[in-house]
Amino acid sequence: MQRIDEAAEGVFVIAPTPFNEDGEVDFDSIDRLVDGCIAAGVAGITILGIMGEAAKLLPDESEAITRHFLARVGGRVPVVVGASAPAMVPLARRAHAAMAAGAAGVMIACPQGTKTEAAVEAYMVETAKALGPDVPICFQDYPLTTEVNFTVDTYQRIVERCPTVVMFKHEDWPGLAKLAEIRRREREEGVRRLSILTANGGLFLASELHLGADGCMTGYAFFEALVQICERFTAGDAERGEDIFDAHLPLIRLEQQPGVGLAFRKEIYRRRGLITSATIRRPGPVLKPSDVDELDRLLARLARRLDQLDIPLPKGLTR
Amino acid sequence: MQRIDEAAEGVFVIAPTPFNEDGEVDFDSIDRLVDGCIAAGVAGITILGIMGEAAKLLPDESEAITRHFLARVGGRVPVVVGASAPAMVPLARRAHAAMAAGAAGVMIACPQGTKTEAAVEAYMVETAKALGPDVPICFQDYPLTTEVNFTVDTYQRIVERCPTVVMFKHEDWPGLAKLAEIRRREREEGVRRLSILTANGGLFLASELHLGADGCMTGYAFFEALVQICERFTAGDAERGEDIFDAHLPLIRLEQQPGVGLAFRKEIYRRRGLITSATIRRPGPVLKPSDVDELDRLLARLARRLDQLDIPLPKGLTR
Amino acid sequence: MQRIDEAAEGVFVIAPTPFNEDGEVDFDSIDRLVDGCIAAGVAGITILGIMGEAAKLLPDESEAITRHFLARVGGRVPVVVGASAPAMVPLARRAHAAMAAGAAGVMIACPQGTKTEAAVEAYMVETAKALGPDVPICFQDYPLTTEVNFTVDTYQRIVERCPTVVMFKHEDWPGLAKLAEIRRREREEGVRRLSILTANGGLFLASELHLGADGCMTGYAFFEALVQICERFTAGDAERGEDIFDAHLPLIRLEQQPGVGLAFRKEIYRRRGLITSATIRRPGPVLKPSDVDELDRLLARLARRLDQLDIPLPKGLTR
Amino acid sequence: MQRIDEAAEGVFVIAPTPFNEDGEVDFDSIDRLVDGCIAAGVAGITILGIMGEAAKLLPDESEAITRHFLARVGGRVPVVVGASAPAMVPLARRAHAAMAAGAAGVMIACPQGTKTEAAVEAYMVETAKALGPDVPICFQDYPLTTEVNFTVDTYQRIVERCPTVVMFKHEDWPGLAKLAEIRRREREEGVRRLSILTANGGLFLASELHLGADGCMTGYAFFEALVQICERFTAGDAERGEDIFDAHLPLIRLEQQPGVGLAFRKEIYRRRGLITSATIRRPGPVLKPSDVDELDRLLARLARRLDQLDIPLPKGLTR
């Protein structure tokens, strides 16, 4: 059985949930999306995260989507399923259902309203216990959305008390110093080393790889670029990796915006033929004509810049 | 078919969701709760609100709870079902399922993150349209939790554009001037008059009745007191109504606290025999020994004060 | 030299800052206010807090107000001066200026944006060091306004590391369990015992006195009632104290509202002749006619209730 | 007398406030900073903004800093002074003092806690009236910090009602569609055209110039790059402008981070010799060794990229 563990590395792409124009789940697009990601060399796929519009799904839809993704992936890469919930009962139900369906682990963030660091620690300890020893946990730190903040001390206590927490989705912002401090404690103080995958849409990916991140777990419509960047770093050619990163940074920044960022991302996915419609479930952001113009322009610039760098254009990007 | 409308008045009690010690839904307690509320003379029952721990339920639990409440009520009073959701699809699904099961209307609040008044108006217009002409809406205004704020101008536009919005759950805080201004516009400017039921745990109930509220939609473990207060006001004896209100105010204030307030409320329900266990689904507040001491003391004082006022003690309150 | 210390008890009244109709500081009213409070038996006066509109003052006004209050008080009771600031330099300047002018201590809260408990602890340790050994600190815990949350563990570390923190302004909400836990640790674990004065407008004063608070540091337009309540508790007649408390609770609750609560408070002060105008500096809340009606009604009820209890009516309250 | 007006364009650089190692204001560095900015071709200088640590200054320091900046600038470019305040009295005092000292206008944002759009409009109308006809206002829209959100409808009403609002500091995020809609209404609906300068550290500057921004009012340690970018756009060579922008984007992104971003910015200023110390007033962010390493690396990359583009390296950037 495939499970995520502390050795995970590379790109776990946060998959969007495709809908058709009427807002119904588009299962055919899931197939194309999965195949496209795997062909690009992602190390894993994460579904039902915030960018997967998980909160906007009906429960039976969430289950069907999970099953469909897992079936299409067919064990080619591990699949992590978002299972955050306002209470232990639904959290555990979702997590166990995901694992039963073949997931490789679950992603959990502390719920909004967790006000103190003691409460963060208690929550994660209770969560790990509720899920049991067979559910690997990717612990997500995303204060921009959850408003839950904690220090490396709290992180360390959670790592010490929760053996099933094997992966850290690093998404604090600013967060470079926190990442560096975690790596330092692992090296110098024997703290158990987790797989650290970074996020925030990849906005600091190159810096994070320099600081010791094992990869990223985030969404970006040109996910093959994330793969290339990580590969170049792993291969010892960080400079080339960072050239690729810089070329994509204007678009990464566009997608990283709260709200409308997802609309840009889905529109690019649509243009690439990976999903049929860029629809976001209502209420949600919609691209204005000025946004589309801006996207066109930035895509054309990206193509030119990749040409300068002798990087093959990703599918769906034309010069 | 029973439906809430603009003429609704009296007490719509926000029902807690009873759990047993293990956190499983306790359907037997629902029966006692329903019978107790109806015997006390409530005008309606509202289920699956925030204080009903709606967000902590599994979807099949929510459905089973709705069916069970509706079956037990058996049409004796209208039942309003909370249906707020982060997106139109789950909102409409829940609302239509509730109506199909026999609900008299649904309660909807704008989701957190609705940042401008234009967005509030657009959201409610779209919601009313998505639910169709046969789903009466109780529109909830609860900025302390949702962080969504709007003026009476926006309220008025929603009332004008959404004929199915028939009830306003007034829960802004401070909110007395807003309530007064809505009533003034109805009287003087011909704005459609809604049923306005107030909330915030009843913390300002007497003032709100003076200002023209039609009753309240809120939770309080001695719900018969809410009924008595509203009855006294309707009967023209506001002074006596307010005496009863003041007697209960110390406990109302205790229950109105975020978080631990629900733990106090469920503990009183438990002592009254209306529910078997005071359990709140984890993570959630738990009464400390000092809290229990304080509750004991306040209950004893309430009993003495009701005696002074020649008010019969509610079931479960002893001197 | 008068200094607050760990033995402080009773009522430290949070004084409003009086303005005339044009929004200019009204120094004559300060005189009446000071004399009225001292005549009522307050144990101390706190100026330039949030309810004193400190943030709305010009720096020279703050200094003049501080000097004027201190001169009028003339050492009859200790005066605590609010000195919270976004940085150490203005904090220290204000605190030292206040002490030089004759203050008995300063009140400090962690600034908004202090995100972790480690940061709270570091902030208070640095503050205490910056102020030096001669500035007694009243440490304010007011998350409803500051959005800064911390546990009793952090409280304890601050108490252990900062000998000049001698007073705790307890204003967490809900906060009864936190207060009880602090008192328990003092009794059972030898944590240094501070003077704990509670706040939130006195909304839970009786319960807090039962739980071991030494008094309160808050505003309420009938401050003599706060004094009477504390005196009754100290005299061993808590029941009578709580009767007085309950009589005032409807108005306490009215004043405790954010924003408009201060407008109610200043209006009552005005009616009592303690200040000449109820003006709040713009932008700020203004009472609507419906608010004034409600206030009239609640004051009349208070007078009747105090009559029933054989409590002399405070100055300015008529039947 | 120099005044900002609707025709302003180019780069208004947000100046940091230099401190020496002890946290005292460093007036000598102000001189170097001013001369460096003007030599680089900035169109204006804005002082005492959030990034100028305005809230951390003593009032006499603020005044001295204003006078010193204005004296050194000596009328070479207009100087805008931040004057946001929690109340009209200090706002007006600061604004009038700044104008009396020679400022060309003031920058005003609605205070945190302005909850509805009606309140935003009322606040700006009152502000404009309080400042009178001779104080040009730069209206700042910065919800990431203020949590105040408004639509273009509200913007339009403010523009219509407040003739002295001549400049809009566009800092909503995401904000491209808002900017485009304002420009559309100016073109198509006759809304008065303001000078729109964008901010957020320049993170979207090139896109904003494409959408019709007149320049930017923001901080970035290589301010000459902002000038070059705006000049290229004005000269009709947007492509070259955007090449320069993209080269700087990794550092712009680093500085745009809340908190630590300012520490990076001041450190670069220090290395460039424009300020003597990178000190931020406590409590404030401090660069960790890992941050410094990352900064070194990004600066080296910037130098290489500028070389590729045949752009002269800015002073203080070495290859």
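Read from first to last, the chains carry the letters A, B, C and D; within each, the first residue is number 1.
In this section, a residue touches a chain if its C-beta (ideal position, glycine included) is under 8 Å from a C-beta of that chain, and two chains touch if they have at least 3 such contacts.
Owing to the predicted nature of the structure, the values given are computational and were not obtained by experimental measurement.
Minimum number of contact steps separating chain B from chain D: 1. Of all residue numbers seen at the chain B-chain C contact, over half occur in both copies; the interface is built from largely matching residues.
Farthest from chain C in terms of Cα centroid separation is A. More C-beta pairs touch across one of A-D and A-C than the other; that pair is A-D. In this assembly, the C-alpha centroid of chain C lies 39 Å from the C-alpha centroid of chain D.
Rounded to whole angstrom, the centroid-to-centroid distance between chain A and chain D, based on C-alpha atoms, equals 33 Å. Centre-to-centre, using mean CA coordinates, chain A is 47 Å away from chain C.
Taken residue by residue, chain A touches two or more other chains at no position, since every residue touches fewer.
Viewed as a network of touching protein chains, the structure reduces to a complete graph with every chain in contact with every other.
By the touch criterion stated above, chain D contacts chain B in their complex at residues 115-118, 143, 149-151, 153-154.
Within the complex formed with chain A, the chain D residues making contact are 173-174, 176-177, 180-181, 203-204, 206-207, 210-211, 242, 246, 249-250, 253, 257-261, 288, 290-291, 294, 297-298, 301, 305. Note for the complex: chain B touches chain A at residues 23, 53, 55-60, 85-90, 93, 111, 114, 119, 122-123, 126, 281-284.
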